[in-house]
Each structure stands twice: as structure tokens, then as C-alpha cells.
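Below, each structure is written out as C-alpha cells.
Each of the next two complexes has chain A plus one other chain: chain B in the first, chain C in the second.
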Partner chain A sequence: MNIVDVKNLVKRYGTTLALDHFNMEIERGEVFGLLGPNGSGKTTAINCILQLLTYDKGTIELFGEKMSSTRYDLKRRIGVVPQNVAVFEELTVRENIDYFCGLYVSDAAERRACVNDAIEFVGLQDYAKHRPKKLSGGLLRRLNIACGIAHKPELAFFDEPTVAVDPQSRASILQGITEMNERGTTVVYTSHYMEEVEELCNRIMIMDKGRTLAIGTNAQLKIMTGIGERIEVDVLDLPEAARAKLQGLDSVQSADYDGHVLRITCGNGQHNVSDVLGILRAFDVTPGRIWAEPPTLNDVFLEITGRDLRD
Partner chain B sequence: MWNTFKYTLLWLVRSPDIMVWALLFPLVLTSVFIAMFGPLDDMAQLEPMRVAVVQPDDTTEGQAFEAFVDTMSEGNDRLLDPTFVATADDAADLVRRHAGTDEPYVGYITLDQGEPQAYVIGNVSTSGLENLESSILALMLDEYTARSYLAKELARTDPAALVDPTVSQALFEPMRATVQVHVTDNQPKESTRFYFALLGMAALFGGSMGLTACRRLKANTSALGARRTIGATNYARTVVATLAASWLLSFACLSVAFAYMEIAGGVNFAGREGACLTVVAAASLVATALGCALSAIPRIPEDGKNGILSGVVCFASLFAGLYGQPTMELADTISAAFPAADIINPATQISQAFYSIMYYDTVGPLMGHLGILCTMSILLFLVSASSLRRQRYASI
Partner chain C sequence: MRAFKCALRVMRAHLIFPIVYIIGLSFMGIFMAMSFNFGQADEQFQPERGDFAVVDRDTSAVSAGISEALSAKGGRIEVADDRQAFQDAVAKGSVDYLLVVPEGYGDAFTTAAREGAEPPSLDVVFSYYSAEGAYLDEAVGSYLSAVRTIAAAHPEATLNKVANDALEAIGHTAHTTILETGSSMTEVDRFLFYLQWSTYTLFAGITVCIGVLTAAMGRTDVRRRSLISPLSFVSYNVQLGLACLTITVFAWLWSFGIGAATFPQAVASMTISGIIWCALSMFGFCLIPLAVGFLLGQFGASITMSNAIGNICGMVVSFLGGAWMPLDLMSPTVLHVAQCMPGYWYNKACDLAAHLSGTPTLDAIVPILQSVGVLLLFTAVLLVIALLVARLRTRTSTAGGNAAAQTVIS
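Let's turn to the complex of A and B:
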């Protein structure tokens, strides 16, 4: 059974089509990455699923049941960490977590245990009595997370939770999300940091202009786009014939030489580096530094969504 | 629901902006009023005059004069607070020693060759109250002189008349040419209207609580609102708990202002504190509803709504007569020409509700004002209902 099942979701803002027959299926236990450029419809999709936004068409089912704004029984099983830090400036860390946990857990004793666990989970024990304005950006993000997951949800939405945090806090947050997932929470994660998604997510959806462009595991996406490794070789003098020969290889998409560095972009080849070095040897070219990088999710993302700047 | 109520109360109490307007501002303004109107009220409230009286001789005239002084010093509405001394020098010394103190003497009176004479101190205070007291003292002695002259003349020309008890009673009893009738339960003070208008204004400033609380409720006005809206607590309960907390704090702040006025400012609420707190409760309700209604106005930035609230409060207070004599006259003129203007003005209704507690011996007028305030609250809540109950938006 899919824990999230969105079918043919259409959402318009006036004349702008924000979601264009958008589909999303997430299985229990997944860490699902939702990627897309700014304005691609990620947050709109999440807000529709959470019933904050009305939509024009489509169906949304959570835990196998139709979701609506008054399905408090379903909402009780969901946790949300919004993109913007949303906490009460006037309440302490503990009070904030207690308040938001109280929206899901009414029993005071149970809630107290949840709040303690959440504080420990995000490592805010030393700051429990602090007000948010006394916290650094990283600690504030951690508080934002604690407020969203204190009630131990089965399904948690994280909307860019690591924006503007230091590497240590980011590592801690990612570690926490991994632990949550290991304890059984299904995670929907949006971020602009590709390496985070690559590290964290079992399955990734890339969307743009309100539509799903690609979906699959990290490896599947790379295969899907046909992107292979990138190779750079320092060479002092490269004959044009050698460059043309390299360009002619089946697995090479482009081969450029600027007089010092040869840059080759490969497709899905098995022996790209040895093929390149073989041709250089054949033309008596002595290579200097050789550097090869496997394709990243960022390459896949740019390949799929294009390199044009977005608003 | 309790959790929401508790934490809403907590964050509202800890919001400096809100507490400044809802609590500190009324207290400061009350203090200013106390400083301004205290001397004015003292002038209007005439205390028995402290006078030194030179002990008259044991003659018929002396005994009559002493009896006159005693009569003027008796009862609740006594005019004199006399201190008898042996000689005129002692009297002058006593007056001099108390000049400039908290309990000064107006002067001293003595009977000189059968004629009463008053020696009063000069005008030493800015209030000029001594002039008034000196005039009253002079009037009293004039009356005494006139009556004793009449008695002497009667004794000389028609001694038999003095045997008639009605004549002698008329001669020696204090003159009551007019009858004082109170048409209200309590005597009004000059400053009362200002204090009541201030309570109206202070109550409406409590609307900032409703406004802020609603802003943090709605997903389209704050990130906090969005987060709360997707929570698993029934949204209607969240709304009710939030508004109840806003109302309670508004009520508490206004009650503090009310208590401060009564205790520190000496404002007379006719000993009907229970009724006053009922008005405070209704006033807080209308303020909370006003804040809610303002929060429901679409397409206006949230800071703009705070500005609108301040504008509404200041404008409404103008017609409640808060800003001094000229505006009071303007308010009275408008009130006479357009009575409906009073009915739709919450500040005026709150102010008049306090008046009705103080001046009427029946609860009818009070109930009328409470009814209007409650109706206003219901209408304002209805205006904001569609906005408040909304959980889904076309855009946020």
C-alpha cells in the first residue's frame, strides 16, 4: 500500500499552472526526495497534500484513505517541518515543542515523554529554556524540526530543512532524519542541496513546471539521463586528430581542448578512462594529471531541468 | 484545547508590543489623568473649613455666637472644622503655624464687641481655593450678623414675638431656602468622563490581542498559522481556545486599569465593582471581536491592520470625549444630532455603560449598553467567521 498516493493533481494560481496532472506515489518506509528548481511546484504539491491549498483537480490519498482538511485522524499521523522556521518567539524551546506536540498528542504524560525525546533527538537539551531569538540559525532549524516530529509521526515532510545551517548542524539533521527513517517513519524530503538528497533518499523525483520529469533511484536517474563520468586530462599538446578520435568514441558526448586541459564528457560507458588513455597513447600524447568524476545528481538535475536561470 | 489556551495566554503575556498597549498605556494615561485632575476634583469637593475660633466671653452674645459655630460644625454637611483658642494672638499664631502645611487654617474668627470678625490668610496656592473658602466664611458671618441684628430688633420692638416658638426657631436654625436633591445615585466629578472614556479607549486597544492572535491562527497570514492549521487538533477548537485566551488577557489588563483608577485615582464607581467588571468583560469581548474582524480584512498588510486598529480606537475615543472640553462638546453635539453614532461607537458604549452603573439606580440602562456591546461583538465575530474557520486557501 502506498502511504502517499497523489493522482492527476492540477493546481492553478490564476492563469499560472502550478501543478499539471501531477502524480506521486510513496511507499511506506521510503525516504523520498522531491527535487525541482525554484517555482517548480514542490511546496505547492506538499501544501496540497497537507490540505492547506485548494486544488482544481485530482485525488490525494494518505495511508490509503482520502485526505481532507478535517481528517484529523490522518493528520495525527503526519509531521511537517516547514521551509520557514515557524515557532513562537515568546515561548521557550520546550514550550514551543510542547505546544506543537499538543496539537497531536492530548495526553500530558505522553506528551512530556515525546517532548523530552524530541529535545534529545535534535540535541537541544542545553537550550530547553532558551527563547528562539537566543538560538543560532542551526539551533533554530533544529527546533523547527523538533516541533514537527515530536509526536513521532508515521509520515514526515521536510521542506528544505537545512537551508542556511552550518555543516555540523546539517550533518546532525541528516543523521536524525536517517534515524527517524530507521525507526519506521516515511520521509518526504525536498532540498536544493543535491548531495543531501543523493545521500539520504532511496527514491528521487525531479519535477519542473508542475510536472514529474523523472523518478527513480539515484542510479536509475543517472542511467535514465545517459550521463557518465567527466574526465579531465592535462596535456601540453593535443593533435586535432586525437581530439576528433576521442569525440568519435561511442561513449563520449563531448571532447574539448583549451590548449592545456582536455575535458571529456562521457555517456554510460564501462571503460571510459581506459578508452581515453588508449587513444592518447596511440597519438604519443603524454598525459599529465588525470581526473575523473562519476556523474552526480546535480548533473542529472541540470540535464533534466536545463541550465537556464530561474526566478 | 487547554494546551492552546495556555500557550496563547503565555505568548500574549510575553509580547511586549501587546502588553504596552493593553496594560502599560492605560496605566500611564490614568496616572497622567490623576496628576491632571486631582487638584480639579479637590476644588470641586469642599471640605469643612479649618478655622481658629477665639473663645467668646460668657455673655449672651458670646453664648449665641458659640452656639452658632457649634451648629455650623455639626452633621455630615458641616461647613466648619473649628479649633477654639483663648486669645486672638493664639488664633493668629495657630493659623500662621499651619500655613503651607497639608492642613492649613482658612483664618480665625472672633467676636469683637458683639460683632463677628473674620481674619483670613492671603491667596497662597495656585488653586485659589482659599478665596472660595474666605467668601463662604464671610457669607456665614454675614448671615449670623443679619440674624442677630434681627433678633435684637425684635427684642426691642416686639419682645412678645420671640416667645412664639416658630419665630425663634426660624431665627436660630440654619437657613434652608433651597432643597438639595440628587437626581443621580452619585455625585459626578469633573474628571469622571475622562476616566470612563479612557476605559473605553483602553478596552479597544485590547483589540491588538485579538488581531495578533488571529494573525497567528491563519495559514495565509503567518507561517505559524500554516503550521497550526495542519495540526491534528480540531481547528474550531484551536480558534475558540485562542480567542478565549485573548479575551481573558484583555479582560485582565482592563481590570488592572479599572482597579488602578479606583484605588490610585480615587475614581468613584459607586461601590458596584461587580457590575463594573461585567462591563469590563463585555468591553474586552468587543475588543477581541474588533481585532478578529480587522484580521479578516483581505489584501492589507498585517502592519497596516495594526495602524487601522489604532486609528479606529483613537477616532472612537474622540466621540467618547477623551480629548478634552472642545471634543466633549463636539461629541455631545454629534450625539444629540445623530444618536445612532453613539450606538455604533464601542468606546462610547463602554464609557456610557460605566456612567449607567454610577448614576442610575436601576440596571435597565446598563443592560441596554451591555446588550449593544454584545451585539457588536457577535456582528464582528460573524464578519470574521468565514475568515477564521477557513483551513484551505487558493494561495498562501
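Let's turn to the complex of A and C:
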């Protein structure tokens, strides 16, 4: 059963079409990455799912049931970590987590345990009595996460939770999300940091202009776009015939030589490096250092959404 | 009641505002009301007396008469006939009035009076420290005026006779007594003054506290987080409203309670219904700053803005309610403006309630009810505006995170 099932969602802001028959299916236990350039409709989609925004057309089902703004039983099973730190500056770390957890968990003893777990989970034990004003950016982000997941939701939305966070805190946050997922929480994760999504998510959706452009695992997306590895070889003297032979390989998209380095961009292929080395050997060219870099999600993202600057 | 408790915790973090505005300003009102001492006229009238010195170089009957006229108004200090001594006497404050009567002054003065000429002048020095010198100079002026009149009227009279008759003439003074008038302050009036002053305390205090609280609770990100949760929009707002009401009730009970405790005689002299109506009028008034604070919160006013608006509006409302000066002394135009302000109606209700006597009749209660009704109307109008602003605000880009986002209000 899909834990999130969005079908043909249409959302307009005046004449602007923010979501254009948008579809999304997320299975229980997944860490689902939602990628898209600025203004692509990610936040609108999430806000519609959370019923913060009305929508013009389509259906949204969570946990197999139709979602509406008054389905408090469904809302109770959801956790949200918003992009901006949304906490009370007047309350301490513990009071903040306790308040937001209290909106979901009414039993005091259970809530106390949840709050303690959340504080421990994000490593804020030493700051429990501090007010947010006294916390660093990374600690604030961790508090923001704790407020969103203290009630142990079945489905958690993370909207760019690692913006402006130092590498240590980021590693800690990603580790925490992985642990949450291992404990059974389904995670929907949006971020502009491709390496995070690549590392964290089982499945990734790339969207733009309110539409789904691609969806699949990291590997599936790379195959889908036909992007292969990039190979660089230090070569002192490369005959033009050898370069032309390389260019002629089925899996090679381009082969450029600048007098020192041979740069080859490959498409999908099983034996790209050995094919390249075979041709070089055939022309008695002795290669120096060889780099072979697999394609990244960033390459896939740019390939799918284009390289034009966005607002 | 999570949002309610949270709101009180938020207020606890801003405890300085209720302490300064509600508690501090109410004490200020108490001290001001207690400091009024009108109507305590159990002593005889005592005219002010200054110290004077007369350097008599004339030694005529007129100069002696001047000294005697001054003696009736003050105490004589001997000062040597020396410029240095004059300066010392005045500069050190040992005399309030120093008079030098030049040689031949008496004769010259009466001659001038009889001939209708300009009288000769006296050398006079006043103290810098008080107005008593001017008061003593008035006595000299009165005496010389009498001398001038008698001398002109009786050209044949000797200088001694003119001087003595003049002294006798100015000896006839009006009898002075202090009468208790209707304007004297009673304990009830003191209590009423305190209630009037409370318009400032309550308006500034409640506006600031509620403004700060609703702004903190209404911060877009935090509010959205609450809206995502199973807590309904209505429940959230009801709890926030309850928290605002709790703060208002605290301000009301504190202000009325401390006033009643400080002026127990006033409360004892009022009827039970009078006390109740005074308290209810105050509560009715308290709802207005509650609505103003709520409105400020919907506008997302900062703490500084809430403080500024609370104070300025508090001063205007209390001034136009008659807390700073009686409404009777204001011009008709200002009075018309005052009638458009809640302070006027609150004070009217309190005044009527405080002077209720015996078993209150419907005729006596209706005007109070009308005034309280006006207060409630003010509240209703402000709350409607605040709710409209709240609704509009939730539809703005700041509330939705996306430009022109529409927030669902369930």
C-alpha cells in the first residue's frame, strides 16, 4: 500500500500553473527524495499534501485514506520539519519540543518519554534548558527537527533541513534520518544538496514546472538520462586517428584532447574504460594517470531540468 | 490546552511588560490618588510672612508708617546702612525685601500728592529666592496709596496725621476663612481618580502584553507548524483567546483589587451595586485594549511597535477620559472628541456607579449600562477588524510561504 498517493494534482496561483497534473506515489518505509529547481512546485506539492493549501483538482491519499484539512487522525501520524526554523524564541529547547509534541501526544508520561528521546536523538541534551536565541545555526536546525519528529510520526516530511548547517551537523542530521527510517518512518526529503539525496534516498523524483520529469532509484535515473562516466587520461602525444577511433565508439559521446589530457564523456556502457584503453594500446599510446568518474545525481538533475538559471 | 499553556509560557518570557505596565503603573496611580490633599481644612488661614529690612534715612512719620505697615505682613530684620550689608542681606537670603527710604521722602511724597505731581521713588531690593518680597512691596504700595489719597484730600493735615490715618485705613482688612466646598476631594473621589488613572494603566498594559503575545504566537512559521498538527484552527484560536483573556482578567483584578485595598473607606462608603458596576465597567474597558493588542498581533507588530502604540493610545484615551485634567475644563470641541473615545464612557460609568445610593433603580442603572454598552461596542468593532486582518493575513504571501498562497482555514 502506498503511504502517499497523489493523483493528477492541479494547483493554480491566478494564471500561474504551480502543479500540472502532478502524481506521486510513495511506499511505506521509503526515503523518497523530491528534487526540483526553485519554483518547480516542490513546496506547493508538500503544502497541498499537508492541507496548508487548497488545490484545484486531483486527489491526495495518505495511509490509504483521503486527506483533508480536518483529517486530524491522519495529521497525527505525520511529522513535518519545515525549511525555516519554526520554534518559539520565548521557550526553552525542552519546552519547544514538549509543546509541538503535545499537539500530537496528549498523555503526559508518553510525551515526556518522546521529548527525552527526541532531545537525545538530535543530541541536544546539554542545551535542553537553553532558549533558541542562545543556540548556533546547527543546533537550531536540530531543534527544528526534534520539534517535527518528537511524536514519532509514521510519515515525515523534511523540507531542506540542512540549509546553512555545518558539515558535522549535516552528517548528524542525515544519520538521524537514516535511523528514523530504519525504525519504520517513511521519509519525504527535499533538498538542493544532490549528494545528500543520493546518499539518503531509495527513490528520487525530479520535478519541474509542476510536473514529474523523472522518478526512480539513483541508478535508474542515471540510466534513464543516458549519462555515463567521465574518463580523463594523461597522454603526451595522441594521434588524431586514435581520437577519431575513440569518438567512434558507441558509448562515447565526446572525446577531446588538449595536448596533455584526453577527456572522454561516455553514455551508458559496461566497459568504457577498457574500451578506451584498448584503443590507446592499439595506437601504441602509453597512458599516464587515468581518472574514471561515475556520473553524479547533479549531472542527472542538470541533464533533466536544463542548465538555465532559475529565479 | 497545549496552545493555552504555551501562550502563558510565552508571556512568562515577557514578564517585564506586565510588571512595568500593569503593576508599576497601577502603583503610580495609587500614589497619585493618595497625594491629593484637598478638603483637609482643619487649620486657620495663615498668610505668608516674609522678612524685610527698612533703612530709614528719613525718620519722618511716613517712613515710620511704612515700617509699621510692613511689620503687619512680615518680620523686621535690622540691616546696617551700608551697600555691602544690603548686598549680603539679599544675597544670603536673610531678607526677602529691603527698602531704603531716602532723607526727606515723607515731605516730598505728601507735597507731590497735594500738588498732583509724580511721587519720589524708593530704593527697593527683592530677594531672588521667593515671591514674598513682591508681596511685602504690595503692602508698602497700599500704605503709600493711602497716604497719597489722604494727603490730597486733606491739604491742611499734618504729616503725622496723614501717616496715622493711612495706617488706620490699611488696617481694615477682609476676614479670611476656609470653606469646605463641593470640589473638595473625598475618599470616593480619590478612588474614582484612581479608576480614571487606570485607563492609562490598563490600556497601555493590556495592549502591550496582548500585542506581544499574539505576535509571538502568530509568527508565520510557528503558526503553520501548529496548523499542520491535529490541533484544529478553531481550537488553536480559542486557546489563544483564552490566554489573552486570562492576562486581561489578571490586569483587571489586580488594578481594581489594589485600588479597593488602598481606599477601603471609599469602598465601604459605596453601595455593593456601585462597587460591582465600577468593577464591571473596568472589565468592559479592559476588553478594548485586549482587542487592540489582538489587532496589533494580526498586523505582526513588533514589541517596540506594541509598546509605542500601547503608550500613545493609553495616554490619549486617559487624557480624553479626564484622567489628566477634568473634562469640565476642556473646550467643547475636545469634549466632543472625548465622547468618541472609550475613556470618556468608562469614567462616566464609574462616576455614576460610585455615586449610586440605596437600592439602585432601573433609572440609575440604565445610564451605566449604556456607557458599558458603548465600551462593548468599541471592543466588538475592534475585534471584527482584527479578525478581518487575521483572515487577510493568512492569505498573504508571508503566511503561505508562496506568493499569493491561499491558506486553508478549516
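Just so it is clear, the second predicted complex is superposed on the first by the 311 of 311 C-alpha atoms of A that agree within 3 Å, B and C clash if a C-alpha of one lies under 4 Å from a C-alpha of the other, contacts with A are read in each partner's own complex, and residues count from 1 in each chain.
Here is the rule we go by: contacts are C-beta pairs under 8 Å (C-beta built on N, C-alpha and C of every residue); 3 or more make two chains touch, one makes a residue touch a chain.
Since we're looking at a predicted model, the values are computed, not measured.
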Chain A as common anchor, with chain B and chain C clashing or fitting: clash
Which of chain B and chain C A:Leu53 touches, first, second, both or neither: both
Touching partner for A:Ala241 - first (chain B), second (chain C), both, neither: neither
Partner chain in contact with A:Ala164 - chain B first, chain C second, else both or neither: neither
Which superposed partner A:Arg76 touches (first chain B, second chain C, both, neither): both
Which superposed partner A:Gly102 touches (first chain B, second chain C, both, neither): both
Identified clashing stretch of chain B versus chain C [57-65, 75-83 or 165-173]: 75-83
Overlap of the chain B and chain C footprints on chain A, listed as residue numbers: 13, 47, 50-54, 69-70, 72-73, 75-76, 78, 80, 82, 84-88, 90-91, 95, 99-100, 102-104, 147-148
Sites on chain B touched by chain A in the complex: 3-4, 7, 10-12, 14-15, 216, 219, 222-224, 226-235, 238, 391-396
Contact footprint of chain C on chain A as seen in their complex: 13-14, 18, 43-44, 47, 50-54, 69-70, 72-73, 75-76, 78, 80, 82, 84-91, 95, 99-100, 102-104, 131, 147-148
Footprint of chain A on chain C - complex, ascending: 2, 5-6, 9-10, 12-14, 216, 219, 221-222, 224-232, 400-408, 410
Chain B-facing residues of chain A, complex: 13, 47, 50-54, 69-70, 72-73, 75-76, 78, 80, 82, 84-88, 90-91, 95, 98-100, 102-104, 106, 147-148
